[in-house]
Amino acid sequence: MKPHIEAGGVYVIAPTPFHPDGRIDDSSIDRMTDFFLQAGVTGMTVLGQLGEAPKMAHDESVGIVKRVIARAKSLPIVVGVSAPGFAAMRALTQDVMAMGAAGVMIAPPNTLRTDDSIVQYYKQASEAIGSDVPFVIQDYPLTFSVQMAPSVIRRIHTECPASWFLKHEDWPGLDKISQLRAWEKDGSMRRLPILVGNNALFLDFEMERGADGANTGYCFPDMLVDVVRLSKAGKRDDAHDLFDAHLPLIRYEQQPGPGLAVRKYVMMRRGIIASDTLRKPGGALTPAARAEVDYLLSRLAQKDSRAKV
Amino acid sequence: MKPHIEAGGVYVIAPTPFHPDGRIDDSSIDRMTDFFLQAGVTGMTVLGQLGEAPKMAHDESVGIVKRVIARAKSLPIVVGVSAPGFAAMRALTQDVMAMGAAGVMIAPPNTLRTDDSIVQYYKQASEAIGSDVPFVIQDYPLTFSVQMAPSVIRRIHTECPASWFLKHEDWPGLDKISQLRAWEKDGSMRRLPILVGNNALFLDFEMERGADGANTGYCFPDMLVDVVRLSKAGKRDDAHDLFDAHLPLIRYEQQPGPGLAVRKYVMMRRGIIASDTLRKPGGALTPAARAEVDYLLSRLAQKDSRAKV
Amino acid sequence: MKPHIEAGGVYVIAPTPFHPDGRIDDSSIDRMTDFFLQAGVTGMTVLGQLGEAPKMAHDESVGIVKRVIARAKSLPIVVGVSAPGFAAMRALTQDVMAMGAAGVMIAPPNTLRTDDSIVQYYKQASEAIGSDVPFVIQDYPLTFSVQMAPSVIRRIHTECPASWFLKHEDWPGLDKISQLRAWEKDGSMRRLPILVGNNALFLDFEMERGADGANTGYCFPDMLVDVVRLSKAGKRDDAHDLFDAHLPLIRYEQQPGPGLAVRKYVMMRRGIIASDTLRKPGGALTPAARAEVDYLLSRLAQKDSRAKV
Amino acid sequence: MKPHIEAGGVYVIAPTPFHPDGRIDDSSIDRMTDFFLQAGVTGMTVLGQLGEAPKMAHDESVGIVKRVIARAKSLPIVVGVSAPGFAAMRALTQDVMAMGAAGVMIAPPNTLRTDDSIVQYYKQASEAIGSDVPFVIQDYPLTFSVQMAPSVIRRIHTECPASWFLKHEDWPGLDKISQLRAWEKDGSMRRLPILVGNNALFLDFEMERGADGANTGYCFPDMLVDVVRLSKAGKRDDAHDLFDAHLPLIRYEQQPGPGLAVRKYVMMRRGIIASDTLRKPGGALTPAARAEVDYLLSRLAQKDSRAKV
């Protein structure tokens, strides 16, 4: 296995742009990818939960990955391959790795309960997809109902050489980062890059606890890039000032359910994608919600010129 | 939409036979299908939860269905198409209906909570796969964590013309059958065939409450056929005598997890399939469990000659 | 049954102050109650989830309520009485209503799934505690795992005359408020006061959707009072300005688990209670977390003088 | 701490008998206790889940325990003290231990997920109730949604000197018993008595895997005593013959929800208690269910004279 790419900065979670009739919008994929590159992201994750992965047929999934890889050039592309069984997971992994993906992301099935069963699952998954395929551990208890203790993450990372980085979205999660970093420091765990999710709701302090960056899809990924940069440069107040300006919208976008519609709507208003269409069973924003987002953008525009849309 | 086939008797849930190395065992599929036909089943369901559906790649799934349909001739074949998203569900449905399947089975995703969300899900699923494709409602709260009130089932059946029959495996579930039958009687619901699951653990009384048969995969489907027949013929004591003889093994096989390994082991001992292999993450029976099943079979053989294996 | 008090404004969720050794701190209860009165709250809820209710013996619970009622004079006091069974619920209700409580709050047990079972639970609970005792519906799916559709809330409110107001903390929840208000408007539901929770994370927009106020315990309840007042007065930008200044801390305090420790720590720093002690199994803030809260307070102090502590 | 009583045989789970109006029926408590003594049980557990514990006020709970202890003389009495918080747990424990209870039973709250959190909970609970109070670990994932790996049980038993025995009701659970016994054998765990629950649905094989007896409330505890005795005496076929005769009813009684009503109904028919009343929210058997139980009893009577009622 070749050495893992050192993950850090912003691995943006890409939505999947659709035409209003539900077909995949290829030119929006290109435009979005270009935007991410210019924004300074260091990686991209496609076909995650908020990429509407389960709504895509296998061929569509493969097509999206192919297009993004071609467009993003040297940017590492991570592909969500979570599936109810290893067969579909392996099939998609093989296809996308052959096309040049940098690795895959795997979420635990929500039936797992004991520590051992979680570790065992990742070991079997890694074996199933190929033990040389770098994979991202997705720790997202709010959606998956699976609680991973820090010691479980350490075990997965220790027992699976292909473990690449952690998409951290536990809530609360600050002390978890501190614990993992303490274990690295005392030598009881090999280096584990940590990129945070949860729509960046705690990015400000997560960076200070030792996160390496973000792995989420907030509609202003360019802001995420700046906050990560400012924080790494030790400009604490500046990082918080920028972050706080966006927090009202971050919070609004983080709502489960309508959150993705908010994200696509803002990205449409910013000209990044052409339509904010979601495939079923996802729904459109209500007029009231749309007006609220407009109001949030108008307020944000007073503090961050990026929001002048 | 052509009229639904009137479901009744035993729609056996078929396991997927594998070679010891995990490849699909085609000749065991044929032998198993022949056995089911001779046993008098009235239908077959393939690629259900206990058919290890999530462990199959799309092409494998299609291949299994094709082979079974060819072999089973006029027997109606139901195919499990549950998936995390409608795209995969539609893709598999289209393929199998084109090959001659009689309908599909859909389980609700375990995130559904409110009554409305369950009804809405089935309506959207039916629309997604094609509103002329007969579908089976799978009501299995123990595994799917989704509780369907009788009124929810009535709503699905009323609002979806393609609703075909109910795979009933709520627990407890006897009064649910009585409620649904009462609604049919008073005209507030159109006829809903009910076939029961849960490894037939309550088949004896479920038949008396108004079930039309079984839709499960107990390792002696020939016994299920006889119990359904005896019960429908009003031979209550005979039905219970036969059922009770099998109950120790039924109960043993109904254990979540090892249950499928028990089923395959007995079917292997009966000569129906060649190997009791499960694909990962399923495991083999421990020697202790295997010995317990052997003991149960030896006891059963004293009451039912079918168990002399 | 006498007419319900018209709920609105801020019904603050009161924490229970302890001495460092875990005994109840009576003088802090008094000081805290006085503070709430001066802050302009319109009601108080004691012994909620974040009042550490399950950690109190029955006599302790009764003692706290007695003390608060005596001190708060004419302020309506709501008491959380959720319990695994109706016997304990009734016992506490009878005791506190006899002492002058205005009503009680009831959360649904987390085993409820179907719409009917939720409605049935509230009907039985209301009967058990006395059908003339005003009760608050607590709709908090994140903690209780019970999803109440708007139609379920309407049914509870319609079928239980003693239903008083809704503690709304669904997430997402904005459209739920709009739906309930639409039903009031078209006459299909009697007036239902809505006070919002979730640590006020969406108070800004919830007010605009039709909420009557807040029923939560954020460590600056005086700010909640002002936001509610500004919002009701139509001073939209002012309401958002004040709210946004607090949002970084609101978000930090809303973390499940450490959130209550944050709340008590800030209230201690503000001089409202003497110690930030939690009873077991609650834990103290880590030094890192404490420093983060200090930093948030120092930033907040630049925008809201209340935070100069 | 005095040495634990060596648990084995049948610790029967006692229901709480009520008068038809819901008051506690003291004379039925006495008659039931006498019956259990004559049946040869070696212990009694009161106020478990199926003792309707949450429906009892504190004083009622104490009264029941007092009465049973006085009547049962030297029989060890275990009291269920599970509660949402340690305060109520400690209060009840102190009261019942002072009256002469042998120990208490504690179920884990259904929010626990990680291995560490489960172990931590039992350590804190033991400390809270008094570290010299023998406690029973209740491992019942079906109801409590908490999965305890064998290694978690070993840790609890090792780290808590007051850990007394395991009420084992995992499902599947046979290999769990084998694992725990293997650890005792290789010296990596101190002796842990195991009594099984789940309405004895697997008692036959659980005894053979190494269980010490049963801790459940099936309506024929006298049969449980005999099965345990026969199994310990190595009379395998006799044990299974007796067990199998009861299995149709065992299965029927094990239904969650109506199961307790079945149990009380049969105990009423056997003359052990005067009424089969359940407190709300428990309901009565439907006439159809009652007739089914009658039929099961009539069939059982042909094989076991105890059922001639």
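Miscellaneous remarks
For clarity, chains are labelled A, B, C and D in written order, and residue numbers in each chain start from 1.
Everything that follows uses one rule, which is that contacts are C-beta pairs under 8 Å (C-beta built on N, C-alpha and C of every residue); 3 or more make two chains touch, one makes a residue touch a chain.
A quick note: this is a predicted structure, and the numbers were derived from the prediction, not measured.
At the interface between chain A and chain D, two copies of one sequence, more than half of the residue numbers in use are shared by both copies.
Ranking all chains by how far their C-alpha centres lie from the centre of chain D, first place goes to A. Between chain C and chain D the centroid-to-centroid distance comes to 38 Å (mean Cα coordinates, whole Å). Rounded to a whole number, the gap between the C-alpha centres of chain A and chain D is 47 angstrom.
Here the spacing of chain B and chain D, counted between their Cα centres, is 34 Å.
For chain A, the set of residues that touch two or more other chains is empty. Looking at the complex, you find that chain B touches chain A at residues 52-58, 60, 83-88, 90-91, 110, 120-121, 124, 128, 279-281.
Interface residues of chain C, counted against chain A in their complex, comprise 171-172, 174-175, 178, 201-202, 204-205, 208-209, 240, 244, 247-248, 251-252, 255-259, 286, 288-289, 292, 299. Only residues 113-117, 141, 146-149, 151-152 of chain C touch chain B when the two sit together in their complex.
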